[in-house]
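Shared chain: chain A. Partners: chain B in the first complex, chain C in the second.
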Partner chain A sequence: MTDTATTRHIPDRLNSRAARIFKSWEALLLAVAIAIFVVNSFASPYFLNAWNLSDATFNFTEKAMIAFAMALLIISGEIDLSVASIIALASTAMGLAMQHGAGTPELVMIGLTVGLLCGAFNGVFVTILGLPSIVVTIGTMSLFRGISYIILGDGSYSGYPSSFSWFGQGYIYWVFTVEMLLFVIIAAIYAVLLHKTNFGRVVYAIGNNPTGALFSGIRVQRVKFILFLLTGLMSGVAAVCLTSRLGSTRPSIATGMELEVVTMVVLGGVNILGGSGTIPGVVIAAFVMGLVTFGLGLLNVPGIVMSIFIGLLLIGVIALPRLWAMAATRRKA
Partner chain B sequence: MMRFIPVREAILGSAILILLVLVASRFSGFVAPSNLANVFNDTAPLIILALGQMVVILTRCIDLSVAANLALTGMAAAMINVAMPGLPIPVIIAIAVLMGAFMGAINGVLVWKLSIPPIVVTLGTMTIFRGIIFLISDGKWVNSHEMSAAFTGFPRTVFLGLPVLSWIAIFTVIVFGIMMARTQFGRSIFAVGGNPHAAVYTGINVGKTQFWAFVVAGALAGLTGYLWVARYAVAYVDIAGGFELEVVAACVIGGISIAGGIGSVGGAVLGAIFLGVVKNALPVVNISPFWQLAISGSAILIAVAFNARSGRAKGRIILKSAEATQ
Partner chain C sequence: MTTHFAPASPSAVVSMDLITKTFPGVKALDQVKLDLYPGQVTALVGENGAGKSTTVKILTGIYQTDGGTIRIDGDPVTFGSPNDAAKAGITAIHQETVLFDELSVAENIYIGHAPRNRFGLIDTAQMHRNAAKLLADIGAPFSSHTQLRELGIANKHLVAIARALSVDARVVIMDEPTAALSHKEIEELYELVETLKAQGKAILFISHKFDEIFRIADRYTVFRDGGFVGDGLIADITEGDLVTMMVGRSVDQIFPDRDHDVGEEVLKVVGYTHPTEFADINFELKRGEILGFYGLVGAGRSEFMQAFFGITKPSKGLCRVNGDIKVIRSPAEAVDNGIVYVPEDRGKQGAVIGLPIFQNITLPSLGRTSRNGFLQLAEEFKLAREYAERLDLRAASLDQDIGNLSGGNQQKVVIAKWLATQPQVIILDEPTKGIDIGSKAAVHEFMAELAAQGLSVIMVSSEIPEIIGMSDRVIVMRDGLIASELTGDEVTPEILVRHAAGITTPTESVAQ
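Our next item is the complex of A and B:
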């Protein structure tokens, strides 16, 4: 956890007690992940099986790819609620191209390009027109998925080329999937970007004090625009993986995924108001969410009931440290 | 600032009129009084919810759980009706309003006491409420033949030429018009959203006002929950799925600033009616209903861009809401 050390020099707006809790957040989360793992392996005999666990990673790899970019965006004080709709639009564009005879390389390029364009669209509204990202992305959330519905109606695309299925269904070695490899690479890239580069420092600076950052000579709007581009691009990557894995496109693809991505980021210890958070935290949060949904799935809990857990998790992880801090100050007084 | 609001409403009002004229040029029957009454009745739930959302947005919050709240109270009302067909409708309405208000209070407490950002709270409760519907109903539908005739008949009962559903919307608009303009609560909502710091110094409890805003929005969602289920005579897990976005869209189109403090009852109502007219006009002019999602998304973007241009005030602090709630 050497990465977290870099964040310690940054004064955030949290008071020292709460900050201390957040500093050990990754450690706490890791303990939770291990506990869930142990409980699951006792609760179901099917849990400790390499192939089952490998399948379980699909629960979080695609979401986590977006979550890394979203973490940077939230640290900088913005949010993107349109990511799931970007997936729908990118997937629809790929399906349309496939019908016109595009091969696998073209499909991937189209998916990524649509993701980038959608990110740029959000970025223009937020950084150039200066509108609040929450409303803009609520609007584009309807718009992007709406375009998918206009193109597809109640139909669907299927029959992607067999080489295209490699991204979502392929294996690198034994139980290790292509998506897992992508997950590890993307996590490493974002960890370096956020914790080891000048750009990462700038993201923290903007999240803590945008005005101060501006007066320090940081091009705040340009950095935010890049972050929207990155989030769009990652949604494009996720769209390629998800479309390849499902082998079909419907306009309702990935509905509600934005919620799970935001939950993952917040669960990873990223301050929803911006200014603090780490990539290792988000990685562990991805594992926690993957293990919880997989474990509940093995116990025959329906998906919609799992969403109750996700919702409780989202509110709980923010509420508990605050309750903790409140109780601590009360004891002090 | 107040000077601009009527202008904005006039623009929106004329946009609706132009839309009606365009549709009428293709199909004159659309503007017949009876059809317009139908369109209004169809838009009534959106108007009621938009008023609740308006109050929440004015206090610099947002409530994304209204549709899930509506669906949960609707399902509960339907199940109560199935279990106790003899229960009078006013009692069911009271239960629905109280249930909705309670769910709004959950949102409100989390925002007020724990100062969790409203977007996070309501994203969370949105999924939790939907999940609870599945738990209580076991994923089953409540169909019209299981509901009592009084239950489904109430919102459609025609009174003075309009269905009760429309009258409830009109009544809510009037109550909110008076509340926002004439009561202490209404004024403190504007104060909290306009400048939380100043509101604190004038003795207004910012968090508590936000709490009550959520309760009001929840109560209206509960009321709409019963009306929705009774009108469509069916209750299932996914009713009004994604409707929260339409409600926010109605507010944003109606000129309610997402940064809080700016907005009016008339704006919210016109925003809702605009979306209602678009929705009802699409099939008439032969456009696939699949266009609706994209149209409301574009309408949000255009409206928010337009409002930001006309409402850009000098030197207003929009960030740092965290300080005000302390």
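Our next item is the complex of A and C:
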């Protein structure tokens, strides 16, 4: 026991930045991504082809756009399972508008607006009425897609204006698609928002302890409402891209995509219970999922087997650090 | 420093010798000894971080020792699991005992060891008969069929004690059992401890309150920083010596001198009313004043403070801050008006566990440490360091998770968080509850210093010495109403207890 009359100095950090990055989840995931890349390039002669790889990015770009917003939502302790249904409703609304003669700018505006409104709808129930988001969004998952089925029945919309196809089918330069550019821009925006702004800090605080955040003078419900709006908006963006790429709208569009988005977020190291996770992690997870589905596709593995692989990958990567820790304690004991 | 050894007694039920427990980087216990005797209360005394909780966890089989011997009736034993400890007749009543709100009292008592019928199913009738007998033995005023949810905190404690007795325990560990109890409930707990003693049970009693140690303990054992300091009979030691053994230095038990004038009105609260918790709260607060709020648990003090801070919605009420009428509807608005609240429940409401220390401190001040909404880490560390050092925070680094700090240091971070916002009024709800005597004195000194600098302090406390020692003025609450407002010589233990309990006849003596 030293008795100090003068104030003692507390260091800012003990671990260096390099040590933290090296030991992070993201580093592990990056290693997995590289391993998958290497395995794939040996497994199929068609893998290392710029155009094939470019096509492969469509496996994840749309999902990833939603996953970035979803990552913030999950970090804050909430979830939105209605994102795929928002795509269906937004796409249906665009199709309806297209039939009434809307041009490309109007279609985009309608897609984004429907996304925002759906996000606001979810947000009101969760933040103002205080209902659990998992229940609310399971409800709206049926509701939003249900409206699409009522409007479209067995039918579909096609015949979007040719300029509209730019979003999902256009190229910026050589093999680089418009969607890739959007993916990079959106990733950068969310990375800055989560890691470099006050808003991002508050999201972490809410996810770690919503009561403590409220008692610290944070407008918890307002922040959560904004996160639902953002998730709805990103679903709208994905709806524009997907509709543009397919060139048609069916009510079954993007069915099951919500689970792939959540898988991507969790694989990216976001704690499903909230409080931790990073955007770089989600970016790497997007590549991992894209590479696995593409690689398996080249080997003519059927879709149902692919989903088994994705499921195993998720469980495997999440269990790995746990198994590691258990092995370490056993060695000590 | 002299080390005291009690005469070795062969009759100890439990005897821990040279017990060592190491965690990565920390030696939590270093060759400590502890003996528990039948029919006697042994107080385990030490500051936060002395190793008391670790000892309890070893005795209850949650942790395994790295060295040393535990003997039961002289035979060495090892506890591989909580089950082993339970079989050896050791049971614990924790600070926050884990009970189940949705179950009945009897189910809570017998969960995990309910009597079975011949089909192997729970024999409900037998369970309720046994529970009723246990409850009668400890004088519990409720039935075994009552839903736990309907009981108050004191009665929940009785359920926990009944559960401890239901396993036919020989050793009962009570870890700060009185922390959440009112004066009257504490008296009832003391009677219960006497009953347990008479039944020949060995009791390990952990408490920060010296009056209660000297009231009910027969023996003491002192730990400091994970090491054994001494033990002996309570009858052979003075309070001062015990404190010196505990902290390793003599602590100024006297409250800081507060010789200053209070300034003009900063805050006036008018007619705050809540449908169920409190009604018609009126008071004013002056610059540099410490206003104490005393009352029994459940008198509505914390409930009012939380409504005033904007957490819960009062049905009516106005306040005037610096002469302007304000309506405070959320904590964010309270903070904007320079009113901040340090809650009683540190782990849940005060600290954001999972975030590092510096982020906890800057959370309400991000507007000042950032530029156009973008974080400026260097500014954050600067602000956090300034207040962490002012409060003499003990931490490995500012980037450490607040959850790894001791209770007293967590409290310092929460206070630092609010001081960094440069508030006008700070509300401290039980600011020294559950923190060690050294940190307590530091908090008191700091409170006095803040008031001297012109900050107005509202201090909710259930500890009479703290109320008397620190407050310029005291408001006593009872049943959601202001019972009285006291200043100067009026503030005595007798008057406080009388007003808080609603005792009006001067002839009735107050138990102390």
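Just so we're on the same page, the second predicted complex is superposed on the first by the 294 of 333 C-alpha atoms of A that agree within 3 Å, B and C clash if a C-alpha of one lies under 4 Å from a C-alpha of the other, contacts with A are read in each partner's own complex, and residues count from 1 in each chain.
By our rule, a contact is a pair of C-beta atoms (placed from the backbone, for glycine too) under 8 Å apart; a residue touches a chain by one contact, two chains touch by 3 or more.
Predicted model only: the values in this text are computed from it and were never measured.
Colleague: Using the touch definition from the top, say if A:L323 reaches chain B (first), chain C (second), both or neither.
Modeller: Only chain B; A:L323 stays clear of chain C.
Colleague: Figure out whether A:T140 sits in contact with chain B (first) or chain C (second), or with both, or with neither.
Modeller: In the superposition, A:T140 touches chain B alone.
Colleague: On the A-aligned overlay, A:V305 touches which partner chain: chain B = first, chain C = second, or both, or neither?
Modeller: After superposing on A, A:V305 lies in contact with chain B but is clear of chain C.
Colleague: Looking at chain A, does chain C or chain B touch more of its residues?
Modeller: The larger set of chain A residues in touch belongs to B.
Colleague: So which positions on chain A get touched by both chain B and chain C?
Modeller: Overlap of chain B and chain C footprints on chain A: residues 13.
Colleague: If you look only at chain C, which of its residues touch chain A in the complex?
Modeller: Per the touch definition, chain C meets chain A at residues 225, 248-249, 309, 311, 330-332, 334-336, 340-341, 343, 348-355, 358-359, 363-364, 366-367, 370, 373-375, 381, 385, 388-390, 392-400, 417.
Colleague: Could you pull out which chain A residues touch chain C in their complex?
Modeller: These residues of chain A touch chain C: 1, 3, 7-15, 196-202, 204-205, 207-209, 211-219, 275-276.
Colleague: Residue numbers of chain A touching chain B in their complex, please.
Modeller: These residues of chain A touch chain B: 13, 79, 125, 129-132, 134-136, 138-147, 149-150, 153-154, 210, 251, 256, 259, 262-263, 266, 272-273, 302, 304-305, 307-308, 310-312, 314-315, 318-319, 322-323, 326.
Colleague: For the complex, give me every residue of chain B touching chain A.
Modeller: So the residues of chain B in touch with chain A come to 62, 110, 114-117, 119-121, 123-128, 130-132, 134-135, 139, 237, 245, 248-249, 252, 258-259, 288, 290-298, 300-301, 304-305, 308, 319, 322.
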